[in-house]
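Common to both upcoming complexes is subunit A, partnered first by subunit B, then by subunit C.
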Partner chain A sequence: MTEPLLRADGLSRSFGGVQALSEVSFAVLPGQIRAIIGPNGAGKTTLLDVLTGFTPADAGQAYLDGQPILGLPPHRLPGMGLMRTFQTARLIPTLTVRENVMLGGHHLTRSRFLAHGLGLPVARREERALRARADEILRFLELERLAESPAAALPAGLQRLAEVGRALAAGPRLLLLDEPAAGLNDSETLELASVLKAVRGKGVTVVLIEHNVNLVMSVSDAVLVLSAGMVIADALPEQVQRDPVVQAAYLGDR
Partner chain B sequence: MIGKSSLIKPRLQVESELAPSRTASVLAKAVRAALSYGLLLGLVAIALILASVSPTFLTRTNLLNVALQASVVAVMAFGETFVILTAGIDLSVGSVLGLTGVVMASTTNHFGTPLGILTGLALGAMLGTVSGLFITQAKMAPFIATLAMLAIGRGLTYVFTNGQPILVHSPTFNFFGQGSVVDVPVPVILMFAIFAVCWVILTQTRFGRYVLAIGGNPEVTRLSGIPIRRYVTMVYALTGLLAAVGGLILTARLGTGDPNGGIGYELDVIAAVVIGGTSLAGGRGSVFRTLLGALIMAVVANGLVLLNVNPFWSQAVRGCIILVAVLADSVQRKSWYE
Partner chain C sequence: MQVLVGGLTVGAVYALVALGMSLIFSISGVINLAQGGFVVLAALLAVALQGHLGLPLAADLALVIAIMVVLLAAVERVVVRPAVHRGNNERVLLVTVGLLQATGGLLLVAWGNLPYTMRPFNGTQSLHVAGASVPTQTLWVLGALVLAVLGLWWLLNRTDIGLTLRATAAKPDAARLMGVDVDRMRLISFSVSGFMAALAGVTIIPLTFAGYDTTTPYAVNGFIAAVLGGLGRLWGAVAGGLILGLLNALFGRFLSGTLAQVVAIGILILVLLVRPTGLFGASESRR
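Up next is the complex of A and B:
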């Protein structure tokens, strides 16, 4: 039996009177692409926010490789191998695409401010390494021609892809993606699917919040379904598709 | 790469969508260039007007004098630029200048110039670090924390000096304010040297990139693994250090540690940054623009003197320049966003 890479244990969170998450538990095995789906307001983004410390949980804990991660300062997460992206890409608009990707590599560096300011060899070497790493990732995502563009100049779909690049720069073991296909056309979504598979091929485990059913069915190894903050299904994609409870939750929502 | 063949066709479509965005990015570059250029044009225009009405303006002596006048505010404004880029503010720079100035004067008299200067610079960095820690660890608003430091710094200056100026006896120390190399005053050389260092730090180093990132989006920067509190604290330390350099220049120029030195300078310093177009919301700006901002203020102040304008007008004129500069900046930026 493989140990799960990510294990969520009884996560609960309410906002005022609204129970956004209610005792959510699940496990993600290493090397999986795990989709989390559910009607609007089911608590999907809240789940990512809780996992990455954006929102504190009222109860429960989550473990990455057995280590508790809730309550850690957010800047420690990349060092533990956890990176996320956002529903609307959050790049630094005044930095170039390459510089945005380079941000993700911070925890791999050792030199500190004095070394940067004085231009010491160690800082320069690290700067070159960060840059080379960013360029490699941009080639992998086929964004290398945009490396010098300010991030704000990219269309939304490519901003999201660049954000995936920033996450990959940290060398994550677990990647949490919040609706990466939102606003992409069919061919771009197809491309995203192959990027995700390639990312998994590099040994990165992916948790994916997604509305696009085709994408979910084509890439995911297992699907977790949330509705009104509760887990209503956790199974293989084709089982979830046939699940009457899931169908009811979606139909009731529409 | 895995699935390369399946990537090729969709990629073509994505590429075609890039055409407008490339134009947009070229446009953005052009607008940005025009903005820096516009600031430069403004400076040149003011200079031309002054040159046409006053024969003294374009003389070498007067221009060096203008640069000398700008130097203290400019050096402090370079530091303030970093703080404002992180969406913070440092109101304490004038008081830090005052306190470090009198401490430098006193320690120089007792222990010699090198130790005196080092003590002052270390004190400046330390005061900045204290403000930074209150902001990052106690989560105080930068405005409040540095307002408190403004009062504390000035108070300690008066306590330290008993309100009396401290005469500096060392000619070596005073060289930093009164000396010149190849006829260029040392403060002017210091101003350009520190500008160059700050420019490199902001545009060429990881530290500079993080400063822009923190101002652009602190949460995302933190989630990228960057300990932003540590970096923000360092930014305030840098600003304190550069305020102490301002203290060195002013004290050395006067040959005296003046307990009233630097009173009200925070407004000139922030004005120089703002005239340069660095956004108070953080994330957007440059030290080059701050240099231009400081020079514009000094040129205008110089012009008012040359034209024999009643000195009571100078504050009001400075306020008008701030309004015009910020208005021009926001109008041009809007036209690019819409």
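Up next is the complex of A and C:
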């Protein structure tokens, strides 16, 4: 039995009277693509927010490789190998796409301010390596012709793809993606599916929040279903598809 | 022409003060009113180090730069950072006013109430350009501004740190997600502005007198210059400083020096009322 890379243990969070998450527990094995689905308002994004320290949990803890991660400042997470993207991409609008992707890899550079300020060779070497890595990722995502465009000039779907690229530049072990396919057309969604599989092929574990059922069924190794803040199913994709409880939750028949 | 020379010289110093303030503001949202005080501190340090240790000019300049860079990093770490974590930016503004007063007080204790000056770097001879006499020291001041501008441009656009600084300035929250330590970026911006204060202070001191009571004029004029150029806009700060210096010199020449200061404050109020984004801050998005 392999140890899970990410383990959530009894996560709860309420906003006013609304119980957004209610004792959510699950484990993600390394090398998996784990989808999280559920009707609107089921608590999917809240779950990512809690995992990445944006929203404090009322109760529970999450562990990355056995290390507790709730309560850490957000800027520490990339260093631990955890990156996320957002429903609405949070690229830096004034920087170019390439610069945004380079920024993702920034925390891997070791040379300090002084080395940069003095233009030492070690800093220049790292700068070049960072740029080369960004270009490689942009090629991988087929975004290289947009490398020089300001991020704000991209359509929303491509911004989200560029954000995936920025997250990849950080060399993550675990990638949390919040609806990466929203706003993509069918061929772009297919491309995203192959990107996700290639990412998994590189040994990166992926947690995917997604509405697009076809995408979820085609790429994921396991599916977690949330409804009204509770886990109502945690199984293989084809099992989830046949689960009457899941069908009822989606059709509102409860 | 003579007015132009004097105006540009003073303007270059205001520009350096404004550049430091704008840099810190764009990266952290903190308005550091103490920046003008640090210029005077750097100037008096240069005088003292030269006077007591008999350091040659280059060593004097290097040492003052090193002291100011480290000192402002310490100020950020010990004073500004706790204030930012505890309060909002308005409260931090009051903290920097306190810093300005504290700097003046420190100068009074350490240097007394006498004004100080220093020998010009290349002697007292002047160049004659188009009917105006240009002290060689003026060229040092303008050179310091050019050096600061080029250096800052290079740092921001050609280095990895610059990338993270620009990212922090544009969207601190998103930058934080990328593993950028925003506290560290603020510290770096203070250090860089310490470098600028050192350049300004050491190059201007041979042309003027500085003492504990000259901190406020530098702080006020630097602030006006920064607002004139659009707070947070680096190249606007440079233009704002030079314009303010020229206006100051013009009014000082044809009216009186005291009136020039009134006019400067008047410009500040006018800009804030009519064009709060500064003369050059029209089209781009607000911070």
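Throughout what follows, the second predicted complex is superposed on the first by the 252 of 254 C-alpha atoms of A that agree within 3 Å, B and C clash if a C-alpha of one lies under 4 Å from a C-alpha of the other, contacts with A are read in each partner's own complex, and residues count from 1 in each chain.
The criterion applied here is as follows: contacts are C-beta pairs under 8 Å (C-beta built on N, C-alpha and C of every residue); 3 or more make two chains touch, one makes a residue touch a chain.
Values in this document were obtained by computation on a predicted structure and should not be read as measured data.
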Partners on subunit A (subunit B, subunit C) - clash or fit
clash
For A:123 in the superposed arrangement: first (subunit B), second (subunit C), both or neither?
both
Touching A:19 in the superposition: subunit B (first), subunit C (second), both, neither?
neither
Could you tell me if A:92 is touching subunit B, subunit C, both of them or neither one (first, second, both, neither)?
both
So in the superposed three-chain picture, is A:157 touching just subunit B, just subunit C, both, or none of them (first/second/both/neither)?
first
Could you say whether A:104 touches subunit B, subunit C, both of them, or neither, answering first, second, both or neither?
both
Of the two partners subunit B and subunit C, which one touches more residues belonging to subunit A?
B
Of the two partner chains, subunit B (first) and subunit C (second), which one does A:194 touch, if any: first, second, both, or neither?
first
Determine, for the stretches 1-9, 37-45 or 73-81 of subunit B, which one clashes with subunit C when the structures are superposed.
73-81
From the superposed pair, tell me which subunit A residues show up as contacts to subunit B and also as contacts to subunit C.
52, 73-79, 84, 90-95, 99, 102-104, 106-107, 109, 111, 113, 116-117, 119, 123, 126-127, 130, 166, 170
State the interface residues of subunit C toward subunit A in the complex, per the touch definition above.
155, 159-164, 166-167, 170-171, 173-182, 188, 191
Touching subunit B in the complex: which residues of subunit A?
52, 54, 73-79, 83-84, 86, 90-95, 99, 102-104, 106-107, 109, 111, 113, 116-117, 119, 123, 126-127, 130, 140, 142, 146, 149-150, 152-155, 157-158, 166, 170, 185, 187-188, 190-191, 194-195, 197-198, 201
Interfacial residue positions of subunit B with respect to subunit A in the complex:
1-3, 6-7, 9-11, 13-14, 17-18, 21-22, 24-25, 28, 197, 200-201, 205-207, 209-210, 212-213, 216-217, 219-228, 231, 234, 283-284
With touch defined as at the start, can you tell me which subunit A residues reach subunit C in the complex?
52, 73-79, 84, 90-95, 99, 102-104, 106-107, 109, 111, 113, 116-117, 119, 123, 126-127, 130, 166, 170
